[in-house]
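Listed after this line are the structures, all set down as structure tokens.
Consider the two complexes below, in which chain A is the common component and chain B and chain C are the respective partners.
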Partner chain A sequence: MSRPTRVSDLSRRDREEVTRIDKAPLAPLPPPLDDPAALPAFSSLSDQARERYDGALDGTIALNLPVPSGPDEERTLVARFLAGLDKLFERENNWMFLEPLVLTMEHCAKCQTCSEACHVFEAAGGEDIYRPTFRAEILRRLYFKHVRTGGLLAAWHHGDITVNWPLVARLAELSYRCNLCRRCAQACPLGADNGLVTHELRKLFSQEMGIAPKELHDNGSMLQLRAGSSTGMTPAVVRDNVEFIDEDIGEKTGLEVKTPWDVEGADVLLVHNAGEIMAWPENPGAFAVILNAAGISWTMSSELAGYDSINYGLWYDDAQFARVAIRHAEAARRLKVKKIVLGECGHAHKALMVVADRVLSGDLDIPRESCLTLFRDIVASGRLKLDPSRNDFPVTLHDPCNVVRLMGVVEPQREILRAICPQFREMAPRGVDNYCCGGGSGFAIMSGHNFRDWRLQVAGRKKVEQVLEAFADCLDPSIPKYICAPCSNCKGQFRDALEYFGLWRDHRILYGGLAELIVNAMTDVKPGFIEWEWH
Partner chain B sequence: MTVLSFLLIWLGLGVFAAASVARAVRYARAPVHLRWELYPVPHEAPERAAHGGSRYEEPEWWAKPPSKNLLGELAYMLPEMLLLAGLRQHNRRLWYRSYPFHLGLYLVAAAGALLGTGAMLDVAGVPLGDRAAHVLTAACDLLGAAGVVLGTGGALALLHARLTDAKLAAYSAPADYFNLALFAGVLPLAGLGFLLEPAPSLLVAARVVRFDTAAPLHPVLASGLALASLTAAYIPLTHMSHFVGKWFTYHNVRWDDGPDGERLRARMAEYLTYRPTWSAPHILADGTRSWRDVAGSNPTRGGER
Partner chain C sequence: MATIVLNGRTYAVDEDGFLEDPTIWNREVAEDLATTEGINGLNEDQWKVVAYLREYYLQAGMAPMIRKLCKETGFKLAQIYEMFPSGPAKGACKVAGLPKPTGCV
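Right after this comes the complex of A and B.
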């Protein structure tokens, strides 16, 4: 057995990876994926990428860190990192998360209980760098050595660490090997939160050094602040696209479908993850069908960011987070709506309903509701005529971490599924004990180099196992099966995972949202809203 | 030796209390953070707490008062504190070692607290009757002995795990071994001291309370108590202060789903006037902008809205 990776390995000055996950034996999967030789090959990084980018960690790359020009630039970068480290523990700079961060730094018994809870660590066959504690161990040593300036006593108490550019670069990469699902935090007997450690490290890199994946920053939050949506859709384009969706869904359902825009005084401002409009138009279309049929007074907004609930800042940058959250609330204020309803997007739920809660005050404090509870209430009210036999195929439910473990919306979606899907079955574990899909914290939209292999083979492995177990009795391809994933990012991950492992092709396992299942059961709608086609 | 021992007992208890309080105050004074709760939250209404649900599951949740299910919190906290229920659930193998250790410390602490109370009553002029003193002494001796055996055994078992389990060893600093060895040494030394000391334990406690050094303690007890006191003073200076930290990680973070009262709003308004100094260009923190300005700015429009 090879030597376990140690914290000190990250300070090694060679440019070799500290481990090669693309070559490592990963956790076994259940049938029909139980033959490792038959699984898709984990592609290796190109020599060019290894030459060009720094932070060699595990055989994949999330950040594209340029190699410093020489020792002077390295020293500058390390100094900036240490300056950012200080700021992470300053009231003025990080009041938002200072208390939980310090508590986590100062209270860890190093019992490794959290490691067993982490799907990434488990999937990677117990590779040490993916332990939830590994990042925390590094940050803790840095905290006691450089922030608390504990000297030799700190090293004796907490272990020593050598800060150099290789450590900083590898740590930056390592902060993008965690889904921020906080399952580890749930298992910690002391309440330490190693998911938060990842969050804080990402902030340090972004807010001080301008280091973040381009998918989240340049093409994500910056694009959203520039164009109005991280999809690049401007207000005019989004209205065009939704009009097209309305027409298409109208034809498909046999109903007149119309999405209202910028209706002042509407009861509900509906905000979708704009990715739905581009990638899964049947989801916003289904929302329009349900809300219209239920007689809800609703609108969408064409304000900057008002039509895209995405808030990637949640995962890496407090300033970007606050900017987008405020714009969401401002769009609602301008329209004088009674409440904001968030579409099927987990991180958007948590961002606007929970994390932004304390900063949205005064007239920005507009009630915010999950579409899952709204749907539950509509279904329970009997306002829609629903025929569960239209959904008579095996359905399982994925719990998006942000909606379930991190904000406690657990039952409404289940109440609906129990009412309209006769063959509904749970995954195990489920609810607040769920596993992340593997796409959490931005990974679902990150596929540079061979990172897609990493997020599907490693981060997404546990979820694939759960899906196969949930459908173990009906894997036969003659039986169509549906994973209900009421979250845009999770759907992105499922789309990629089902395709990668051939589970749609060979076993007819499809994925989709909750709204589609409701519309599929509506008797006023032409049968067959869910099309058993790959998308 | 007796004088030194008595001095250290008072000093140790004082430092223990002061350092624990100081730590708690430091956490309590930290700025209110953004909400970061983790479900299940046991003070939710019982029908929701059972599956880990929050008030967000309710229709029109904002129009309803938040749940305050203190019984639910207690039902979670008591097994957590008394039985280390979380560790038992998530890491049974370690629990078999850790629980005896913690239970041992609880028992020793309980014995010490009972003896201290009895002694203080005596000094305050409310002497216990002979019979009560006898019963109290016997109960404390029993608790103390059980605590020493469990605590020592648990400390040794944890030390063994840390030395032999590669995954624990890889993340153990020298202090982690030292701490466990310290408990494994101090507890039996103090226990042996009480066995060798001719005076009953309640009388020893009364002498400590009165600082009556006329009758010398058995040297083993004197050194055991001195070391135990130093250990008590050392605990809150380390991560072993989790008996303080845990209160905050649970109540102030994991379960902090509280609504936003006026006081909290005022504190948030104050924090938004802080001036960040983060250096990445897109933050637009030039030293004059407050967090409110930063949040209102747009880095793609030269800082304008």
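Right after this comes the complex of A and C.
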């Protein structure tokens, strides 16, 4: 490797990248992807893109930052950044995360335990800018120099930093090179949370400067607040689509499938990530089959946002987060349901079940449950007739970071798989020590320029390695294999990675949710619910 | 906003190569956009997919469910990937002049 990248490199006024990850040697992968020359090429940014957008960092672009018109605009942007920096450390402006942020700023022994825990740092062959501590070090120097106004003494003690537009722009891009999986935070012996640092930086950029990926903001949370779903589905379109799913799944299973809508007083309001309805309809279809067969009193809501658990604000903007979380709770309150059950979507779990605790009060504080514990209870109750021999193929389990590491929901999904999948095998490491799929924090839906190469070759590399190791004994394409990934965002990443590396085409590795495996084992259902076709 | 030149004509597209203005779409534009998918001349099957996407989009203001697309056109998803290597959303929708599908799809 060339000389280490330094914090000061990010303030360079030239418009060159501080490193070129598209040209760097990445960590080796196990067979059959062990020949680097046979892997898909990491495409380079076009000259047009490099000229048009600022924040040259590593050879890819997430944000499309326009080049300021001149020194005046640069100064204005830097001033807004510094004003936002102050707000991050004020109680009245950061009631969500002030305490852990200050703790992280004040206490870091720079031991690099977190770097060793980071899949992005490892996959990139130890590239310095991807260290969780690198991002935190920049924010720490800014904190001591500009928030605590420590002057020369702080510069000597904590390291100096030059604040200019190039630094701000590169730091904005750098805040979109972390999956927010918080494996680093779990590894820290002192309890510093460098994942939170990424989150707080994204928040500063969005809330103070209007800088956010358009996939998450314009086409994400803004569209959701306007149309009802980040997919663009209005209440009328979602009803029509789910009716189609009911018919389709009815034909496939031989059962009558009916999704109840807007049932007042139901026990359960089920909220899916609406992407499931659009891209993986067999998942919401399987939910309907299971809940009906188990005799659960449930409903879906056609209120604006009541049918889409997505809350992208979780990843980049507390205000957008709160707006959407309140919509979700309001939909449940209006229907007077006993609880909200979240479908197979990791970030929606964290958003509504954990972080929304800071937002929802009074009669909006409606109980929330994970579908994984509900499924475990249903399977354990014996209410479904299940035949594990219908699932007699190799199955491995992906642990969505937000559900597993963050919330500690580790065993329920495993109890189910042990009961219904005779060839279930774990990945290593697993559970709360899992690795992110590589699509976390919104990356799974970001693919502008060559960002898709970055998220599949770098962010997703460790997970591909884990999958290949879990199936090392059965890579033969005559054996169909299933990655159970109970999370929409993770499924999007698996779909792209399996296609990119040819692992479905050459080795018949497929992916899907947990509900599908349960229905595939139900004896009341026509055999072959899982179709082993690319989806 | 970026521009792309296809068969001598210039189009304004987003970072993923989708048309910035879906209303300028016509059959010639579709043929031009198809070249970005490595398709020189759309065949009858590919037109069937494109026509369905376009019709649905004009009605609903968004792309259809992938499963609906398969059922209505009679093609399996694998066949659609054969016709449009980047898949139904990033490939076929692009050729049909739709905006890039949004959300976790």
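Just so it is clear, the second predicted complex is superposed on the first by the 533 of 535 C-alpha atoms of A that agree within 3 Å, B and C clash if a C-alpha of one lies under 4 Å from a C-alpha of the other, contacts with A are read in each partner's own complex, and residues count from 1 in each chain.
Here is the rule we go by: contacts are C-beta pairs under 8 Å (C-beta built on N, C-alpha and C of every residue); 3 or more make two chains touch, one makes a residue touch a chain.
Fair warning: this is a prediction, and the values are worked out from it, not measured in the lab.
Asks: Clash or fit: how do chain B and chain C relate after the overlay on chain A?
Replies: fit
Asks: In the overlaid three-chain picture, which partner chain does A:L65 touch, first (chain B) or second (chain C), both, or neither?
Replies: Neither chain B nor chain C is touched by A:L65.
Asks: Counting residues of chain A touched by each partner, does chain B or chain C come out ahead?
Replies: Larger number of chain A residues touched: B.
Asks: Tell me which partner A:W534 touches in the superposition: chain B (first), chain C (second), both or neither.
Replies: In the superposition, A:W534 touches chain C alone.
Asks: Is A:Q48 in contact with chain B, with chain C, with both, or with neither (first, second, both, neither)?
Replies: After superposing on A, A:Q48 lies in contact with chain C but is clear of chain B.
Asks: Is A:C111 touching the first partner chain B, the second partner chain C, both, or neither of them?
Replies: first
Asks: Looking at the overlay, does A:N241 come into contact with chain B only (first), chain C only (second), both, or neither?
Replies: Second partner only.
Asks: Determine how wide the angle is at the CA centre of chain A between the CA centres of chain C and chain B, giving a multiple of 10 degrees.
Replies: Nearest-10 rounding gives 160 degrees.
Asks: Which partner does A:L57 contact after superposing on A: first (chain B), second (chain C), both, neither?
Replies: neither
Asks: When the two structures are overlaid on chain A, which partner does A:R226 contact: first (chain B), second (chain C), both, or neither?
Replies: In the superposed model, A:R226 contacts chain B only, not chain C.
Asks: Output check: A:D377 vs chain B and chain C. Expected answer is one of first, second, both, neither. What do you get?
Replies: Only chain B is touched by A:D377; chain C is not.
Asks: Quick check on the superposed model: minimum Cα to Cα separation from chain B to chain C, whole Å please.
Replies: It is 17 Å, taken between the nearest C-alpha atoms.
Asks: If I apply the document's touch criterion, which positions on chain A are contacted by chain B in one structure and by chain C in the other?
Replies: No residue of chain A touches both chain B and chain C.
Asks: In the complex of these two chains, what residues of chain C are touching chain A?
Replies: Within the complex, chain C touches chain A at residues 2, 14-16, 60-63, 65-68, 71, 76-78, 81, 87, 89-90, 100-105.
Asks: Can you check the complex and tell me which residues of chain A touch chain B?
Replies: 4, 6, 80, 83-84, 87, 91-93, 95-100, 102-104, 106-113, 115-117, 128, 133, 137, 155-159, 182, 185-193, 196, 206-210, 217, 222, 225-226, 319-320, 322-323, 326, 339, 353-359, 361, 365, 367, 369-370, 373, 377, 404-412, 431-432
Asks: Flag every residue of chain B that touches chain A in the complex, lowest number first.
Replies: 27, 30-41, 44, 48, 51-62, 80, 84, 86-87, 90-91, 94, 98, 166-168, 170-176, 238-239, 241-242, 245-246, 248-250, 252-254, 257, 260, 264-265, 268-269, 271-272, 274-285, 291, 294-301
Asks: Which part of chain A faces chain C closely enough to touch in the complex?
Replies: By the definition above, chain A touches chain C via 48-49, 52, 61, 64, 215, 219-220, 223-224, 229-233, 237, 241, 244-245, 248, 273-279, 281, 308, 310, 345, 444-445, 447-449, 488-489, 492, 499, 533-535.
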